[in-house]
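The letters A, B and C name the chains in turn, as written, and every chain counts its residues from 1.
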Amino acid sequence: MTGYILRRLILAIPVIIGILFFTFALTRLLPSDPCRQQLQEHATEAVCREFNRRHGLDQPIPEQFRRYLGDIARGDFGDSFEYGYSVSRLMVERFPRTLELTVYAMLFAIIVGVPLGIISAYYHHSAIDVGTMVGANLGVSMPVFWLGLMLAYVFGVLLKDTIFWLPPGGSGVDTRPFYEVWGLSVEASETSIWTFIAHMDTLNPLLGGNLAGFWDNFRHMILPMAALGTIPLSIIARMSRSSLLEVLGQNYVRTARAKGVRERGVVFKHAFRNAMLPVVTIIGLSFGSLLSGAVLTETVFGLSGVGDALFSAITGRDYTVVQAFTIVIAIIFVFVNLVVDILYVFLDPRIRLE
Amino acid sequence: MGITDSAPAQEPAPEQARAFDIIQPPKGPWRETFENLLRTPSAVVGMILMGFLITIALLAPLIAPHDPFKSLLDIPQEGAVRRSSPCIHLLGCPKAGDTLIDISGDQPVGSVQLNNERLLLTRGNAVEVWRVENEELLFTLTHDEPVTAASWRSDQAILTASDNKLFIWKERRIIEEFESEDNVKFVLWSNDGTRFISANDRAISFWFDCATADFAPSCPMGTKEWVKEGVAELEADWTSIQWHSDRPQLMVASGNVVQLWDSTAGVVRAFATLEHDEPVTSALYNKRGTRILTTSGSTLRTWWAASPFEEIQAFQYSAPLTGGSWGEQTLGGREDVRLSAVSGNHLIVWDSSSGEQSADLSAGDETLIAGVVSPLATQYAAYSDTTLYVWNAADGELVLTQEAEAAIRNVIWRQPNGGNVIVHRENSAHVIKTTNFQYILGIDGSVRDQFSRLLYGARVSLSVGVLSVSMAIILGTVAGLVAGYVGGWTDNVIMRVMDVMLAFPSLILAIAVVTILGADIAEFFIRTIPFFGFLDPGLVNALIAISVVFVPAYARVARSGVLSVKEYDFIEAYRALGATPGRILFRRILPNVLAPLIVQATLGIGTAILDAAALSFLGLGAQPPIAEWGRMLSEERAQFQTAPHLVLFPGLAIMITVLAFNLLGDGLRDALDPRLNR
Amino acid sequence: MIDKAMQNNGNNSSNGEHALLEVRGLKTHFFTRSGVVKAVDGVNLRVKRGQVVCIVGESGCGKSMTALSILQLVDKPGRIVEGEIYLEGEELTSKNRREMSQLRGSRISMIFQEPRSSLNPVFKVGKQLLEVLSIHKHAIAKTEREQQVVDLLRAVGIPDPKKRASNYPHEMSGGMAQRVMIAMGIACAPDLLIADEPTTALDVTIQAQVLDLMRKLRDELNIGIIFITHDMGVVAEMADIVAVMYAGTVVEEAPTESLFEEPLHPYTQGLIASIPIMGEFKDRLDVIPGTVPSLIDMPPGCRFASRCRARIEHNLEKCLDEEPELMEVRSGHSVRCWLYEEQDT
């Protein structure tokens, strides 16, 4: 088993190097050169020569790549010229919110999707099944940003003045950093883990015991979460259904029934774990669509997270930010799939032999 | 499609073919696949939807009722209903003369004002505020005595006059209360909201809010309250009163004169007088407050509204004129061109640029009271005591004649482009549709017909989907076939590159690729590939980015197909017969991996359409004025709260298209996968 | 150790009044889009304690479905449409799902054809075995149940049972897996064991061992066994009573010796003739010509009529129009064929 995990880890290394190389190439392939890009009208010949020398752009490409890797290894992604501070700091400001959003969306997708899939597989061909599958088909065909706007309209505008009203945008109140509430005298620099956690909209007030703040911030996340979670939800529901249907036809399910296992035990104990194997893979893969969707969802709901920063970096041609965020998102995606692969080992004993 | 032609059985010479009969895999059962497809309900739905979409895309220029790229304001005869609620034809859209909204009650309506789709009316002791759009009574301000006048400020503060008192209401509560002169029959806020006037027949009082100015001559030191600056005494009863749009100047028509009053110096004084020979029947500033239009006797005049306050033009008619009106107030470069007035049962329109009379429209026998040109001069409305008439400006066609028992007091155009009027009768207020012209799904923020744009959007989305997937298939299949067939290092390198690409979430990678691609590459594609001619550079970039993102998926499918087919005996046999690798790859192996590729492609088109819409939504794809669904959505996003249908329909269009491809792809997969044919 | 597993089953005294299992007029139909498939169409069966009843027939003749119907494990779109099933006088078809699941595994248990796919791949075999005990014998302490698992594995001849209990199914051979299945079947000392082709997927030496094991169990536990197979060799070795099934019905039922000595039904004759006999050389094996009629629209008359040589030889018209009843031609030997009605009258 250790061998398997190790092999998976080793296989991920070339991919990560590939990602780094790709993003490195990205900046070198840009239509205009970095000097002119960043300095705009100040970019005279002499200034650019100095600029290139200072940023090592006059070095041969392999040397540039080596330096680039070195910088990233030290966590130095350069400075954003739009925000005027380091990209690392921007990440610490923005990532927590996106992280919370994607985690909530994923939980929402799993918590709703898996039971839906199970119910429709169990009541195969019933109205519930047909309804769920029609819904799931629509769900995977919907543009995230559109769903977001529609949800915002229904819950933010139509249901105004009712108890179902939900804020159609924004991210709630700022809450006091939890370490201050705890009275810890920590040195929370702009890129420290303390600041990172304190930037989490819902975890921070929760840690700080501020339930009202938590609830307010969580309410702002409900609609984005639902919008973002719908596609993975539909995929998971479809996958759970088809997988469970296949498993329910397997011989070992019949054996379980013949043993006298009650129907609920058959589904939840014997069929469920087998049926979840492909679902786990799908969950890992749909994390990619979540990260893509986060860009759109945050734009729609005005949540200032990674997606929002990436979007404004693209429109503002802030390539350092685009590059850094692309790397981090891709590496997170690789990492999530790695975790899924490893999780698989614990779920499926057959893999260990390979 | 030529799919059957490429099946491997037909190629070898007869005697060889016999030998291969046994060792060849079965021919692609295309016919059976199609039959299976017809048996899957969801696939049938997918095919029907797809046929529908393709038809729309092909016939868009024929079906679309309007130009999808041009503002309807540039097409004057079309009285547009700006950003109106959608009207689905099947459900029966209202026609000219239909009452859209009915705000009647048991007591007569005293006065009517429109402000931001909210209607303010006085009725008995109350002032009612209605939301016009959905005919909803928002609130009622109740007074002890009958309300004689009311006015609405832009911040929703309401000024009312009742029983010799003036009230200012805010948030449904009285915040100020003043004593006034007797018989106030008119109150009016200035446009900046710092002043108002209250008027009876002969006297106009000027009021000023001292809290809005640090120092004003009218205000005693330290006063932060409303003060009455003074009273303008008139020699005759006034016929019209209007504030200037920017300046605190009041235009009052009374007797033979039009006077401009001002109170900024601390005293109320008339600083200009426009003299006429006969009583002035109507007077009106233009929108920007640069000119004044008056009718007096049988002459319509225009005047400079600033020094030297002289007459600009005069238009004569054969009979006395009343109810003068400006037309075309906002169109760039065409301001104040049309002027209208009524006389007897005639509505007369002049063109001020040529100085000529441009229309003389008559209706019925009754004397018209006033004519109103819709703000964008697309329609003219005029009313007699009980009848409302509406003409189209372009051809002078009388589109509406509506009679009613109750007398008409006033007619207000609800929207700048015509389309509906608010008719105030003695006992009611109605919104009446004045055009037969219909915009099935409403008008977007740039005053374009949404329905036509949606139809053209089908062309864009379908072609982007198909083109990007085709490019991806070509690149991916070649890469996959080569990797799988050659194997070894080639395979390793190609597939590791693909792995890296798959490591990026698709939209993120597409965004990255779009940022690399400059306008040059898009231009190159547009120039060299005929299909791309009607797409704009931004969209071509998006298309390229999406196809790059998709390459790994097809490469993987092709490669795994090759690997599973490669070791079959029949491939060995071909090799033994001396076939070249290229020939084996494309004539023998490719047909065998075609089935999974087709499934992947069908599903891929849906995803490609979604991604293209997302890129356009982010501003990275289609650029205006192209009708791309994602772009349409992002353009109208800002007003989704007030005009949700402009966001709803493009999204639905995307969803239906993607759904069609998904259903068909799923159906194809089931039909091609023998495992599922239980 | 088998005694130990039996201890808690006190009421297994042989009952003279009732047979252990009696199936009457069982019909199980599948309601598919292309029509009603009559997989089991009027089957009668009797099993006594200590008896091995073999059900023989071609694949698709409804023998597995009969077994699944007894346990009421028929999957949709199939269901039992008619018939009664009595287990020691208790009617089973009227029982609800809960009562049935209490019965399965404790009083009737079943062993399936493909042992490896019949075991859940994600659980250890010991755990799967333990589950049967946990369901039906929850009164016993957990440690004791775990001990029983090891005992059961040893009883079915698995070497090093303690270690094997923590194996996953994919780590076992087919024979081992089938032993686990058998252990699972006898774990609660059932009254009736249904074995659905338990040896088909196994190679010959293992097959013999498994058959030995089952015989031993029958003798030691005095249980009734329904043994389903299409292998006449196995039948000869195992059965006390043989029921030959064809197209959803039992066409002949007889004590084993009687059947092999004098098969009555033309189909049974064909089946026996098709057994290759060691040392005897045949040009080709005797094959019954033709195919089983469609179970959806069964022709009237005898189901075997279209393939029956005897019908042609005896020129029997009736076979095509009217279906024969199962009639007892001699003591314990019944057959469903018009040939013997002729003889009787």
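Please note the rule applied: contacts are C-beta pairs under 8 Å (C-beta built on N, C-alpha and C of every residue); 3 or more make two chains touch, one makes a residue touch a chain.
Everything numeric in this text was worked out from a predicted model, so none of it was measured.
Touch-path distance (fewest steps) from chain B to chain C is 2.
Taking the mean of all protein C-alpha atoms as the reference point, the chain centroid lying nearest to it belongs to A. Between the CA-based centres of chain B and chain C the separation comes to 73 Å, rounded to the whole angstrom. Between the Cα centres of chain A and chain B there is a gap of 34 Å.
A separation of 54 Å divides the Cα centre of chain A from that of chain C. Counting partner chains per residue, chain C has no residue touching two or more of them. Of all residues in chain A, none touches two or more other chains. Contacts from chain C toward chain A in the complex involve residues 68, 71, 73, 75-76, 97-98, 101-106, 109-110, 112, 114, 117-122, 131-132, 135-136, 168, 170-171, 181, 184. Put simply, chain A touches chain B in their complex at residues 14-16, 18-19, 21-23, 26, 29-31, 137-138, 140-147, 149-150, 152-153, 156-157, 168, 287-293, 295-296, 299-300, 310-311, 314-315, 319, 322, 326, 329-330, 333-334.
Chain A makes touch with chain C in their complex at residues 124, 249-252, 254-263, 270, 273-274, 347-350, 353.
Against chain A, the residues of chain B that register as touching in their complex are 42, 496-497, 499-501, 503-508, 511-512, 515-516, 518-520, 606, 610, 613-614, 617-620, 630, 633-634, 637, 640-641, 644, 647-648, 650-651, 654-656, 658-659, 662-663.
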